[in-house]
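Across the two complexes that follow, chain A remains constant while its partner is chain B and subsequently chain C.
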Partner chain A sequence: MEFLHYFSEVFTWANITILVLGTVGGLLLGATPGLSPTMAVALLIPFTFHMEPASSLVMLGAVYTATVAGGAVSGILVNIPGAPANIATIMDGYPMAKQGKAVQALHYCFISSFVGGFTGVLLLIFFTPPLADLALKFGPAELFWISIFGITIIASLGGGSVVKGLIAGTAGLWLSTIGYNPVLGEERFVFSEHLAGGIHIIAALIGLFAIPQVLTLVAQSRLYKDTLEFAELHSHGVWQSFIYNIKRIRALTIGTISGSIVGVIPGAGGQIAGLVAYDQTLKMSKDPSSFGKGNPDGVIAAESANNAMVGPSLVPLLTLGIPGSPTAAVLLGGLLINGLFPGPDLFTIHGAVTWTFIDSLLVGQVLMLVFGLLIARYSGFVAHIPNHTMAAAVIVLAIFGTYSVQNSVSDVWVMLALGVFMYYASRIGFSPAPLVLGLILGQITETNFLQGRLIAGDEAWSYFVSGGISQIVIALCIVSITYSIYNERKVIIRRREEDAAS
Partner chain B sequence: MNIKAILIRRLYVALLVLLLGGYVFKVSYFQENSEAYLFPSIVAGLMLILSMLSFVREVFDLCVDDFKPIPLIDQTYAIIVMVVGVSVAEWLGMYVTTFCILLLISYWYSNQRDKGRRIINSVLFSSGFIGFIYILFSVTLNLQLPKGLLI
Partner chain C sequence: MNIMREKFSRIMLLCALSMGLVPVAMAEYPEDVIRMTVAYGPGGATDFQARIVTMMAAQVDKEGNPKYLNGQPIVVLNRPGAGGQVGWNSFVQKARPDGYELAAYNVPHFISQSIVFPDKVKYNINNLEPIANWGADPAVLIVNKDSPFNSVKDVVEYARDNPDKLTVSGAGLYVGHHIAALQFDRAAGVQTKYVPAGGGVKGLQFVLGSQTMAGWNNLSDAFRSQDRLKILAVADLQRNDFLPDVPTLKESGLDVDDSSVNFRGIMAPKGTPADVLQTLADKVPAMFKDGKVVKKMKAGGSPMHIMSREEVQAMWKERQTYLTDLLKDLRK
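== the complex of A and B ==
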């Protein structure tokens, strides 16, 4: 029950202010169509750079949690999910809004997000320390393979082409080697003066996640206003919504359990959690035909699932350094920037910081519920923000945020170059998540690889592949790639059959 | 777009990725101090193998078409504004440059038909947001920014 000791740290003036600002800001950012939680967290990292480690993680955690819940607002009101995690929510949320029940749908969304999110964080609290202890048994060989596994799994489970995911992952690993060799100190691949110190993680995170989104926003800006139908907001009693939510215990339970399970699977993310929960609720419903036409169970299941996923997605991140979702990958960057490496040290040497962060996630769920219900009635205005305004604001925040880290225009150039490159790469099927993870984990992977070689001498090969844990992790890498190739083949066959039929 | 055109486009992209993989391998592998470049060489080798595999898959049409349309004209303006803005930021000053970026992007991409209102809205938004940025970065975070000729 160590986590109870650190609750007082969450309630310091600085941390509670940050938590409230992060929650409200996250809800508003999430409610804005086109701004994903991953981008919001990436844009915030430069600000946290100037804070105490605990406060910076409190801020990032609050924004992560609140943007996932806030993403439902634009989904329900204008049928555009604020984040991929909210795709399942709009299936019944938007029809509810069209029936004049937008505020009810938003209430159900925040209440079920709270239930799912709270349960998810409790799982994080109870499962993380024993798993972190397991990481004590890991040497350089195991840590090397764990990093490779993290990249492999996020590359292969991204939903697109496995080969392209793996190419992006290796590209990220290679980009991380620009700058200096971590052991020999020799300068490598410095093609331009802007790359002299290597690629800074923050510049890469902002560039890879924010700039492609800006370019997508500007491309859609002229289509935006004329084609959207905004739902009207009528008042509805909060207590009535609470009572209704409690009555829909089955949808709530299915959502929470599905989200918690999917969250632990590295790379799966909130989108899969929401869709799995929605699908299971529909299958177990007595009236499946009402789904898609404004059944509140659809909203409750999807929203409890995508928030229940948040806590468990941090379990593999905090213990082994494997992020459970792209946003968790950005959070990993936030941890490393603060000098915190995943593993047992997080709960021993850095216990105060880690437990304050985890406790703040629990308090953040309560704040998310309170502020979510408060702004539900008035949240429509955020969804009305035009894309071009949002794009201009994000560009300027990205430029200032990147510059502020090292007072360097070179970082801004790197951010812009990576961002524009990533936009075009994403249009031809490459995903930023494996690239980012490769960049973040690159130095850890190389350091462990070189340390392993120094320990093993001439027996390097057998050192890296003979250990029991190493063999399990290698097997997991192979299984994840094989499974993803199998899934991709199924998609190809299905699409060809559809094409042939049409 | 017909199927043949799609296949050719995918093939060109796979070829480009393969060439990039080859270049990365060349600059990583052919180095004097091979010990310092060992890890990037292995990674680049793996990248080259994967890009070959990707090319073969495209040649034999073993993958799905995951390309999305690229609205080049729409984005070119935004990219030019960003690049020019960052180029002159140190010379003109960070606040002036970013104000211009805000103004140009919010004006150009606005879907408001009335030009007068469009200009007024863009100026109001840009001034308000740059004020927010000033409070956030210069007042709160005390960030030292390049001042240049202006501010």
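== the complex of A and C ==
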């Protein structure tokens, strides 16, 4: 029970101040499109040079926690995910906001983030050694199948049409091959110098979600006070939300479990956690057709998952020096700068710093909940912003956010081009989520497939299909595909019956 | 009247002085923030060290006089992709040679890339100007703690009996680890299978998780994971202070020199004015030697190796010659 001993360290004035500032700042940074948790933590590393080791880690931990949750705010209110981790949140979060339930959606988002996040940190505290061993078992073969499993989800994100989802997903997979071959370094599909480095995920994310939104706003805009097509805003008590949220125990459990598992796997990260949880909740639901139309379960599952990922993603980092997510990779720098080397010493010799850091993550979850719920109270303002103001603000944020990722004007052009393309594609029923998912998973799939091929040599087939974890994930892939086909058939049959009846 | 005039002229003089003095101080390079491109992502060893060694750039002493670069900070900009090619390509093509745009270099990475991909890669030692070197991280040969290999000899024997079966991980293609692997193969007369992992930490993970049988990795990273690894040899001319018990490859009977050592430093684009280069060459090594920098680098387990502009120029040329020979069969 060492972690209880160090709680007093968290509650010093200095650390509490840092925690509060880190949480509030993190929520705001997270809500800005383009400023992903990874960016936010990287930006703060230089500030930690002059701080005490414990305080600097407390700050980085608080920002990590809060940015992951904050990314949902812009997703729910304006349909632009703050970071890749929040893509799944907007599937039902934005429809809820349109129905005037923005406050509820944000409440569920922060309450679920808290439940998932808190559980994740508890896992970190109690199960670090076994989880670390599990993390090491994921090699190229296992990661390849996990990303294939992710690809099987694409069909269910098509916004109603499986065929359109698959087309968009395939286009996304192709987009992921632009640029350099991730393993062998060959250049492919570089039609213009702007594509030399490939398509950056954040640029694609902002372009595909934000630009169509801006164009729609402009197209619908009349002079004077037209606002987004939001229904009258329902006010909603926090306690009401709490009670409802806790009752949705299934979505919450699925989210927390899938988030925790994905968190431990090095290299998968939060962007998959939310999507996997969303998909599982949808498939286990009695009424899958209500998803994508404002089902609170979608928000609950996605947000509990991406925050549950935070704690476990630190397990391989603290024990082996291997980060479980891109953000954890940046945190590694924060540890090393303070002379804290991952490994057993961290929990013994440097126990005071490490446990203070872990305890602050628990406290940070509580603060994130409190401030998140406060932000939710004022979210109504966003619904009353006139269209033209909103369009201008979003385009400024989109360009600024894209440019700041790697200080590249090319990224901005790519972002705008994808955005305009998506605007027309969305008018004929395509949705951006499968496209982005294809882009994200394409890179992971290709890298691990090529590495696996290199390692296996002549025995590629047996390399990829042997191994317990691989076989479990292959089974999951088969179940996922079978379910999608079965469900699509059901939908087609029902549609035929309706046609016949009418 | 006289007193008035005297007062007036004094004030005028003061004004003139203050106005005159400010431009004099400002004309001195640098008068603005310096940007430094790092061709790798945030969190990696190069990024991490680049941020530490530049953190004191804007430092002033107790009297408020600038210590190193006129009180101007160096800001790190990450531009990762394709083992550094994206960042360095955009640097040589777009950076203005005015001393305000610098980049971090990794040798042998950028030199070997310019040799292997002469069409794709726009940079080479002739269109870049070194300023100073801050670190040298030798490659080490590592195996999992549970591996049957206990020495370089065991690895060579296995590789000899099983051609093209021994898998070794490393950070990427044509980086120091890859050069070490190529040199090892040549010296031992074997054929190992090099797996580029996409980052040093990822390469380490392949060895920790037994996905590959062995690996080449940064000494600094391997040093931190000794409880789960065996470090069999270091690819350098002499043993390293961090690991005094680990033999060099030469001691282990393989004729491998220090060509794979990962040198990290700062460079400018060709065409940067000579006086600016001189200022940087004078001030930057002093900045690397700052007590706080040295302390942080040591705490992070990052071996420092400070070299002057002239020393780096010589080192670049020497590497160019050697790598051209080593990589001549791989040219694309």
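One rule holds for everything that comes next: the second predicted complex is superposed on the first by the 271 of 502 C-alpha atoms of A that agree within 3 Å, B and C clash if a C-alpha of one lies under 4 Å from a C-alpha of the other, contacts with A are read in each partner's own complex, and residues count from 1 in each chain.
Methods note: a contact is a pair of C-beta atoms (placed from the backbone, for glycine too) under 8 Å apart; a residue touches a chain by one contact, two chains touch by 3 or more.
Fair warning: this is a prediction, and the values are worked out from it, not measured in the lab.
When the shared chain is aligned, chain C comes close enough to touch A:I455, but chain B does not.
In the superposed model, A:L336 lies in contact with chain C only, and not with chain B.
In the superposition on chain A, A:R427 contacts chain B only, with no contact to chain C.
Look at A:K137: by the touch rule set out above, it reaches chain C but stays clear of chain B. Once the two complexes are overlaid on the shared chain, A:A391 sits against chain B while remaining clear of chain C. Touched residues of chain A were counted for both chain B and chain C, and B has more of them.
Of the two partner chains placed by the overlay, only chain B lies in contact with A:K164; chain C stays clear of it. In the superposed model, A:G468 makes contact with neither chain B nor chain C.
In the superposition on the C-alpha atoms of chain A, the part of chain A touched by chain B in one complex and by chain C in the other spans residues 184, 407. The residues of chain B lying in touch with chain A in their complex are 13, 17, 21, 24, 27-28, 33, 35-40, 43-44, 46-47, 50-51, 53-54, 57, 62-64, 66-71, 74-75, 77-79, 82-83, 85-86, 89-90, 94, 98, 101-102, 105-106, 108-111, 125-126, 129-130, 133, 136-137, 141, 143-146. Residues of chain C touching chain A in their complex: 41-44, 47-48, 51-52, 55, 77-83, 85-86, 89-90, 117, 120, 164-165, 167, 172-174, 193, 195-198, 201-202, 204-206, 208-212, 221, 224-225, 227-228, 296, 299-301. Taken together, the chain A residues at the contact with chain B in this complex read 47, 50, 160-161, 163-164, 166-167, 170-171, 173-174, 177, 181, 184, 186, 188-189, 214-215, 218-219, 221-222, 224-226, 386-389, 391-393, 395-397, 399-400, 403-404, 407, 409, 412-413, 416, 420, 423-424, 426-429, 445-446, 449-450, 488, 491-492, 495.
Remark: chain A residues 38, 42, 45-46, 49, 136-140, 179-180, 182-185, 187, 196-198, 266-267, 320-323, 326, 329-333, 336-339, 341-344, 406-408, 447, 451, 454-455, 457 touch chain C in the complex.
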